[in-house]
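Per-chain residue numbering starts at 1, and chain names A, B, C, D and E are given in the order in which the chains are listed.
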Amino acid sequence: MKKSNRNQIKLRKSTKKGTPPGTPIYIGQDREQNSTMTLYTYNPKEYKINKAIGLHDLKGIDKSNWHWLNVIGINNSEFISKICNQLGIHVLTSEDILNTQTRSKSEISNEYIFSVLKLFKNEDPLLIVEEEQVSLVLFENLVISFQEVESDIFEPIRHRIANENSRLRSKGVDYLFCLFHDIIVDNVIEIVDLIEEQNDNLETEITSSVSTHQLLATQSLKKDIVYIKKHVMPMKEAVGKLIRTPSPLIRTETIRFFDDILDHLDYVADSLDSQTLQTVGNRELYMSMMEISMSNVMKVLTVVTSIFIPLTFIVGVYGMNFENMPELKTQYGYYYVMCGMLLLALLMVFYFKKKKWF
Amino acid sequence: MKKSNRNQIKLRKSTKKGTPPGTPIYIGQDREQNSTMTLYTYNPKEYKINKAIGLHDLKGIDKSNWHWLNVIGINNSEFISKICNQLGIHVLTSEDILNTQTRSKSEISNEYIFSVLKLFKNEDPLLIVEEEQVSLVLFENLVISFQEVESDIFEPIRHRIANENSRLRSKGVDYLFCLFHDIIVDNVIEIVDLIEEQNDNLETEITSSVSTHQLLATQSLKKDIVYIKKHVMPMKEAVGKLIRTPSPLIRTETIRFFDDILDHLDYVADSLDSQTLQTVGNRELYMSMMEISMSNVMKVLTVVTSIFIPLTFIVGVYGMNFENMPELKTQYGYYYVMCGMLLLALLMVFYFKKKKWF
Amino acid sequence: MKKSNRNQIKLRKSTKKGTPPGTPIYIGQDREQNSTMTLYTYNPKEYKINKAIGLHDLKGIDKSNWHWLNVIGINNSEFISKICNQLGIHVLTSEDILNTQTRSKSEISNEYIFSVLKLFKNEDPLLIVEEEQVSLVLFENLVISFQEVESDIFEPIRHRIANENSRLRSKGVDYLFCLFHDIIVDNVIEIVDLIEEQNDNLETEITSSVSTHQLLATQSLKKDIVYIKKHVMPMKEAVGKLIRTPSPLIRTETIRFFDDILDHLDYVADSLDSQTLQTVGNRELYMSMMEISMSNVMKVLTVVTSIFIPLTFIVGVYGMNFENMPELKTQYGYYYVMCGMLLLALLMVFYFKKKKWF
Amino acid sequence: MKKSNRNQIKLRKSTKKGTPPGTPIYIGQDREQNSTMTLYTYNPKEYKINKAIGLHDLKGIDKSNWHWLNVIGINNSEFISKICNQLGIHVLTSEDILNTQTRSKSEISNEYIFSVLKLFKNEDPLLIVEEEQVSLVLFENLVISFQEVESDIFEPIRHRIANENSRLRSKGVDYLFCLFHDIIVDNVIEIVDLIEEQNDNLETEITSSVSTHQLLATQSLKKDIVYIKKHVMPMKEAVGKLIRTPSPLIRTETIRFFDDILDHLDYVADSLDSQTLQTVGNRELYMSMMEISMSNVMKVLTVVTSIFIPLTFIVGVYGMNFENMPELKTQYGYYYVMCGMLLLALLMVFYFKKKKWF
Amino acid sequence: MKKSNRNQIKLRKSTKKGTPPGTPIYIGQDREQNSTMTLYTYNPKEYKINKAIGLHDLKGIDKSNWHWLNVIGINNSEFISKICNQLGIHVLTSEDILNTQTRSKSEISNEYIFSVLKLFKNEDPLLIVEEEQVSLVLFENLVISFQEVESDIFEPIRHRIANENSRLRSKGVDYLFCLFHDIIVDNVIEIVDLIEEQNDNLETEITSSVSTHQLLATQSLKKDIVYIKKHVMPMKEAVGKLIRTPSPLIRTETIRFFDDILDHLDYVADSLDSQTLQTVGNRELYMSMMEISMSNVMKVLTVVTSIFIPLTFIVGVYGMNFENMPELKTQYGYYYVMCGMLLLALLMVFYFKKKKWF
């Protein structure tokens, strides 16, 4: 049985009960990790990376270039809180950034656009779906991304920023903001395709021979699908909201790319729906194959019993100790009885064969 | 099996059939309890508690400060009725306050805003969900809360009122009104997280070894989820109504906090949905494990029977009393037969091993 | 098994096929009953009852007082038809009044408001849900109620009309019209609470010991719930329509009471939903307990067979009649064999105990 | 098992693949039948029938009277096509008339209103639902009905046309158009009531004794319900469209009659929903009764085996041929053993009785 | 078990993760195929085919005639990309054309209308549903169709273009564009009718005799239905969008033909819904028939065991070796016992016959 990822997730739940709304407290997995900030500055002509910048560097962000501020590690509540404060992010927004259980959503205010998305990771050869929260804030010339841990998921973006000929370099930060959504959604598609593959393999396996681990694998896949579905639906709402709500921060030509992302999320939702039906089908198939196998066991039992119990009775008859049993004294009685029993057994076998019981 | 909380709830049902609408009659659990009123008066600078105030004290509430009137114990219909009358609360509202079966809702009139919410409590080490009704009325400078029994759920609010630096002290009663909603919803989140944990434990337990109490626990968890879901949906409607309906009693900046609460309720609704699927999954898993175990019992029966019934027949044959049975007189007949039977038994064992029946 | 109420209902179905729409024909249970009319006349100061009035009395209804015309018995199509004609009720409305299968609804025209509602009755100690149709017509100063049979369901209204201090006496006929709805809905609540109680009892019973009658009771409760649900949904629509559609016949202050009734219907709908899930749960529980009990039967069979079949084989061996079986002649052979079998049996018992098969 | 009506329907499917839209080709059951046209001409005072009129007669239809043109037999594509052409019916409409698989709908154009409806027939004592398509076209003074075969379903309309005092004679063709809808819907109600009756009978039957044919009957009823439901939903849409879309061809007073028809269709939809649940319930009941009966079989097997296998072992012991078995030589050994076995058997019986296994 | 078409589809999934949106990369089955372009030019009077034209020919398309450009083979990303570029097709559109996993949709811009549809093919005598993507672009005088492989599905269109009297020749390219949709939808209808037929056959087969392959066939049909449904719903949305969104590229008279196509898609959706229920029904039927057959096996086992085990016990009794067993010495003891056993057996047979166990 594959290890469940729900254990990790359980750890993350520490309740905030008793704190007022807008209290920025980290809610998530315990991590021993320092938060780091990297600033990528670019325009169609130039490009620069500032690694490990500090809080005081945030003031000096010039408005004439485009910037991507990548914040990794959000377990340090105070630090994240200060960043948000510095950049003019509302306290309820910073609370959402710090709470890794925040439902995916997008919020559009006059100052900035805020998106919370879920990044799914499959860290094992045995599909173990795990989820990480990515928060994105889009200002006029700045995109800030908050990640729970270091990962190479946004590597393509780094490459494209570095590449002078990429479309990204000629487009503004709203396109960069869109790219993050695109990568996260492409990631979900990959996971969903993996689930589809596993489901198909399971079906083939169950059809050929039933084994308990298939049941547990089906159960586990179903949980994964429910888990992803739970997060994909809010992501659809979030992207839909970005498309529908006009904001000066996102140009009309970028909207078209968000439309494309929404199409992909529709594809994911469709796939998850049919994969849900597929796991249900696999479970039913498993149970049916179990029943068929049990029915075969029953048939063997019945055939063996039905053949030998009458025969045992017959030999029992001639094992009785009555003094007056004439058959016992005949010369060929034994042989007659043996032949008779053979005949009876053959008849039974023939009868059960006809009934297709074995 | 865990004790069902539905017993208590049954007691509360005394029908109102035959009374006209707007008749303020207490409908709920029988309680021997006096109603008490506590008045908390505060402004950004000062703060005062008046414990155990009487009906006549209600007239003297000054409009220049903010107030929280906490009423505990609603089983005394007449007393509650008088309070409502004194404060100008409509007779249909006071009927709702007194009826602990009122569906969660919010009503917005010109004079006041009325909210009915359900507070879930988990009073045992063994998750036993119980529910209490909390009614809230927001006037211009006054929030009134009606609770069924004394509890420490609103303790954080008392602390914050006492704390001069808390945000609450600088904000009006609409923020206080919002805080009540926030605490009640945080409470639901805690319960739902507990259910998730229990469900996960149950799954692990069922997978390792099947026992009837797991079935009953699953059934019981399912009822709890249905029960909470039934109350959470109206709470979503209620909070949504507060957000959508403009009222001078709630300032725009407070609406944002209600938005936050609605997000949390969405999270709860999502979790309840996936937990429903999880209990269904657990039940199916239980039934499948039962079937698998039953199938194993059947296999043991079939193997034992299939091996020994033919052997018993053979020994029966040589137990027959025919006079003319030459084999009986041979010197090594007995040993031949014994060896033959051993061989047959081994063949059977080999056959069933190959079929993976044990 | 409880008697099904569906038998009665079947009788009521006589098809109208072939008659044009608007043909007033009684469709319902066969009854030998005369229609009677009672007229209650009241105003804040006075109150009068006219029992058993005739068709000609209808003309003399004065417009300065408020009236309630209670018509009991609608099996006389012609009579009802004449009343409707006299009072200016449209032919399609009178067709609906006479057809006890009319779906609950409210129709608002310029002249009058027409409501069809379903009254549920529980006439036995063993919950047998039965349904009666109540039609209500509200004119400017007159409410007409049509009932299938005499019943004490509207007794509270009679009391309140007689009581000079009741709110009813000071309010107009629209409030009276509302009261009918209120009583009918309170009635449904009572039935639904009874169903909840029965469902809870069933669950406890099934958990302690399985019996076929529980299955049938569950099935029967499910049908009752489906049956009530089918009628409650249209009633919600009907009351909702009365609230939403402005009409001079219903004053704004009365709308608030209809809001209250709609809240109660929401409560009923919620309860029916969770009771549906409860019956499903009970059925599943029943089937699981059945399976568990069957599994126990299987285990007993397997244990008994697995212990005694090998032993029987062994005694069979020593019952063979070979001349050369040295063991038979040893002095303690018999005792050795008996001890060996005892040992084997104990081993088996120990093995099955470890497997928790008994 | 009742004969399935799906066989006939299969025949009707001949694909139109490859033909352009608007090609009038008959799609339906093969029939050897000539199309006939009958023209009913009426006004409040006069009434006339022209049987077996030809294509050329269609030109002479005067606009001062009201007409009903009844076309029976649509298997002759060319003929129907010519009629449509003659009367100014669009080619896509005539395609729909000729295709008996057209989904029920209504189309409102400036020239005419077109309705396709499904007529359900129950031609056997054993409910066999079969469906026929009826197309209706309403012009200013003319209603045309297209039927697949001759039937007496519209007989009541013929009577009412002939009857000078009927409401039909005083109303226009829009009322006649409405009457067709009314009759077809009344027809569905009758079928649905029959299904309800059969479902109730099945339930009673299953409860008393289980038999395979009940399973097949349940399955068959479920298919019928699915089949009718599939056609009723589009009919609701069609009638709803007629009500909502204003057209000079239907007068406001006639709309009220369509409202009535829509109410009936709502009743049908409600009934089909609860009948679906009923068939599901019947199936579950059947499976449960099966399981109960199987469990009883198992109990008999276990009881018989558990009583006699140990006894057989005991008699086997005393059938062993050891020379030194002192019990065999005692005078009353045989009787003691017999009594002992009787006692054991009684104990077993008592034990199983207590367990309620028989 | 029929070969699953899901294997092929799996191959097509190569993730695009890491590429920016709007990157035209072929995603689909590996094919070794050159893309070919055929240009059909026509007007009401003339008609011309240009086979195997090249990229440079695209410039010379005159605006005075109507054109159909048929592109077969889209696995050459670069080539398709160049065509799109040449004709002014947006980069996101060309990405969709190249990605065979694009969800069916229609996009309406000022320059062109873009439709992606799924063509279902049934390539085997044993229904194996496979799907191909067809992309259509409608310009003012030009329709471009992109197909994955050469097929004869659009043969009827070629015939109609060649036929001077066909309606197509007198109508513009919007009608041609509509025809593609019509053919693809007619194709789905054919597949769905085939599924219906197979489902009906399966039901008949299961009813007569149960076999494992039926279970697998049912499972497989269910997957096909889910698969088609997943694609039909977006196609409905796409056609609906074409109808609702006004565009100068589609004339009003053509909209009517799209309405017709939408009706057909509604028919398909209805059929798929009832076929889903049918497969569920078939599966349930299969499981029930399995259970019935297993129950029969159990009955045989129980009957045989219950008859012979007691008899074997009796003969065992008289096989005991007690010295003092007076019955053994009586003259007719043997015969009495034999008769007694016969009687007992007959009683048992009679008892089980009455219980209808065989």
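Quick note on the criterion: a residue touches a chain if its C-beta (ideal position, glycine included) is under 8 Å from a C-beta of that chain, and two chains touch if they have at least 3 such contacts.
What you see is a predicted model; the values in this text were computed from it and never measured.
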Practice task
Quick one: report the Å distance separating chain B from chain D, using the average Cα coordinate of each chain.
Solution key: 43
Problem - Mean-CA-position distance for chain E and chain D (Å) - result: 26
Completion exercise
Shared-interface residues of chain B (touching two or more other chains) are 291, 294, 298, 301, 305, 309, 312, 316, 319-321, 325
Problem - Arrangement of touching chains [line / ring / star / complete / other] - result: ring
Exercise for the section: List, in order, the chains that make up the ring, beginning at chain A and going on to chain B. Expected result: A, B, C, D, E
Fill in the blank from the handout: Given the complex, residues on chain D that touch chain E span 1, 4, 6-7, 10, 13, 15-22, 92, 95, 101-103, 105, 212, 215-216, 219, 222-223, 226-227, 230, 233-234, 283, 286-287, 290-291, 293-294, 297-298, 300-301, 304-305, 308-309, 311-312, 315-316, 318-321, 325, 327-334, 337-338
Completion exercise
chain E partner, complex, touching residues on chain A are 155-156, 160, 166-168, 178-179, 182-183, 186-187, 189-190, 193, 196-197, 200, 203, 207, 256-257, 260-261, 263, 266-267, 270, 273-274, 277-278, 281, 284-285, 288, 291-292, 294-295, 298-299, 301-302, 305-306, 309-310, 312-313, 316-317, 319-325, 357
